[in-house]
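Below: one structure in structure tokens.
First chain written, first letter: the chains are A, B and C, and each begins at residue 1.
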């Protein structure tokens, strides 16, 4: 792609230098070489950009003294996403059409222009929306619905009665619709509480690789529109997750948790059963909230406490052995005194 | 299903109201609507039940003032499980018979009335017990045995020399029989200790989605009868897990751990290598026991301590920064005095 | 295998007893029976060896008073690994040749003497090195390269543009090449930063079951030669992992972490984004390092601190409630005084 083509793709900006410069690849400032395109997302990176070997740069302001060809745009980050989207769409050429080894049971409903990879299984009563891509060896259970323009990566398992909105992206190996963990003791044995609920996943949700979303015992487990979940996360039965929530990798939700819109669970954070994380609240990395978190709060640690309080505790912990020695000395002194 | 049919299924109880009431679905008290069946499991839920929109209720005692039709039974929870089991069995219609794309190697032994889904692979010397259901794209390795009435969900991988009892239920994507993590340093390089042991899983065991159970180095990794393991758990090589143990999601066992009968590992709890969790002991959510836990003990925190002790520590931690300030003031005062 | 055959396989040592003794199986000292071979790895195990029921023992020094036949070698552990490797290679008979249901797209490049299991999919432009074994229902994406003598277990997913060296072993269900977790907020919505980088995995790397290695946003995620990763681990985008690193099960690396050669991450340890773990450094089980760790350091706890410091803190924590009571008493006394 030439720098002029990049300009046309972004739809705005001014080229300083050679518009015919051919960008071989996109790379970070530190790794970019003479044939690469890179980008400068803010003032902080200006110095790094001047030292970059990139042959072309997308910048917000003309970078004086840079040898690279430059495309000056209003928002370099948004422009770069446009470029990356184009690259990604070319790299990820999907299976075209329906592979002969895919299994569509009678009564499966298939939209227009869909792709289904080798060995995928679409059970009776399931439906696949227009233009959706189902990769190899994916399983779509009975009565489950996949909306339009979804991307389901290889070996994903979607059990029965799961509903996916439009433009949902599920990464490889993830399991949607396993049973929630529910047992009751009857006559000394653990007896399974059959999990007969469903799962509703809104538009524009993305779920990383090897995560598990369990079906509700009754009713529905819900993941709201625009929510993004990372790899190896666990959403237990009956969770109600709001819209535009960020749930980073390895995060865990217990049963019947409620997460408000725009909340953030940082990597490896956790909620036990029945906890509410309020709208816009933030649970820091590795934090675990044993009590409800109010809207907008920023919580650290385990048990989670307000950020500033937890920071002070963690600092004070470093002095704990010394405090213990001091206390002993004081007691001795007072006893002697 | 009519309320009369529910009564007949449960096998006991008295109908107050209309036995011909048709229950469209089962829902929780809070979500149930006029065509739904719900249930009241204890006194605590009576008030909620009176406000429920459910058209029919399973109750232990006649609920005065409720508009809903009622089925009065001795144990509403047990009755509801019966109903849910019937619903679950109808929802989960399994693959019937052996799909033509399933691969049975020569020397695989197949029981009567089994189902094997599309793309499943049964290797040489493996055996599948009567009435067991092997879902799509499951792999059963050489010499592994699946007992009668098992349910193996899609994309499960069972490697070689694994033995499953009767009525074992393995959720989607779980891997049974990967190598234990064992390396030894020889001449500066990490050399693999080949893991040539096996795995023995008892009757009535359930394992959630995307969990890993590793084979023993030598000997066997063992999971006892009736034990229930959640999603994304890890059982390392040579663990010996007793009977009727509850291991909640995201729990982790290191190598050669021993877990007594009826013990409980709550969500995200952990045992490092070689730890014993005694019979009936409880490890709370996120707790990690670095020492053996005696039978019946209830342990919290990390490092795990007896529940009451850990609770006091966690409360006191909130005052730690203030304690530090107090100590400084006292030292100053004493030094001045 | 006779004890003489064991001797010949190991290539050294002296047989004391019956070289024709037939070893039925290999077992640990405690479990071994009269037909089994076991081994004594050090002086500590001599007493246990004398009580073992093993019919044959591999030992470093002649064990006086033992009834078992003995093979005396320089390094029993290395000898036993030789024996176990032979057993493992026999147990794990791989799919021979290319199964007719495997799907090789046009333009896939296949080496000599490879095996490809049922339902595996090799996409256009991917290549498989000589003698490599691709198990059932594995997915190898476009332009990904698998080196020679690799072992890819069932249901592994390797997305596009991933490069594997020689002798790489990936356990079942693992996903290599999912997207890194990268979103940016534009006009109130989370917009995906397309992840268009690649992954480079060196020779002799082993990765356990159900782990995720995410592709770089730009550039490459790198795992160096000889590094061994356990089950259920997470390597985020742009991590650079050195050579001969040990990463035990359930360990987690955030984005752009750097891990030096010979470092060790013990089970369930973690690194947030952008942290460097120095060469030969050790992060203990469950430890999380929020700051860079210098070469050779041994860190415990969360937040990770030097081992001795953290041990003292954990011990002192047990006295924290008592310290709080002492402080109150002292304050009272001083106020009264």
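One rule holds for everything that comes next: a residue touches a chain if its C-beta (ideal position, glycine included) is under 8 Å from a C-beta of that chain, and two chains touch if they have at least 3 such contacts.
None of the values given here were measured: they were computed from a predicted structure.
Taken over every residue number at the interface, the positions common to chain A and chain C amount to under half, indicating a different-residue contact. For the two copies, chain A and chain B, the CA superposition rotation is 120 degrees, given to the nearest 5. Our note on geometry: chain A versus chain C, Cα centroid distance of 26 Å, whole angstroms. The residues of chain A that reach two or more other chains are 101, 119, 137, 155, 173, 210, 232, 317, 320, 323, 327, 330, listed in rising order. The touching residues of chain C, counted against chain A in their complex, run 101, 103, 119, 121, 124, 137, 139, 142, 155, 157, 159-161, 173, 175, 178-179, 181, 183-184, 186, 188-196, 210-212, 214, 217-219, 232, 234, 236, 252, 254, 270, 272-273, 288, 302-303, 305, 309, 312-313, 315-317, 319-320, 323, 326-327, 330, 333. Considering their complex, residues 26-28, 31, 77-78, 81, 84-85, 87-88, 91-93, 99, 101, 117-119, 135-137, 153-155, 171-173, 204, 206, 208-210, 226, 228, 230-232, 244, 246, 248-250, 267-268, 285-286, 314, 317-318, 320-321, 323-324, 327, 330-331, 334 of chain B touch chain A.
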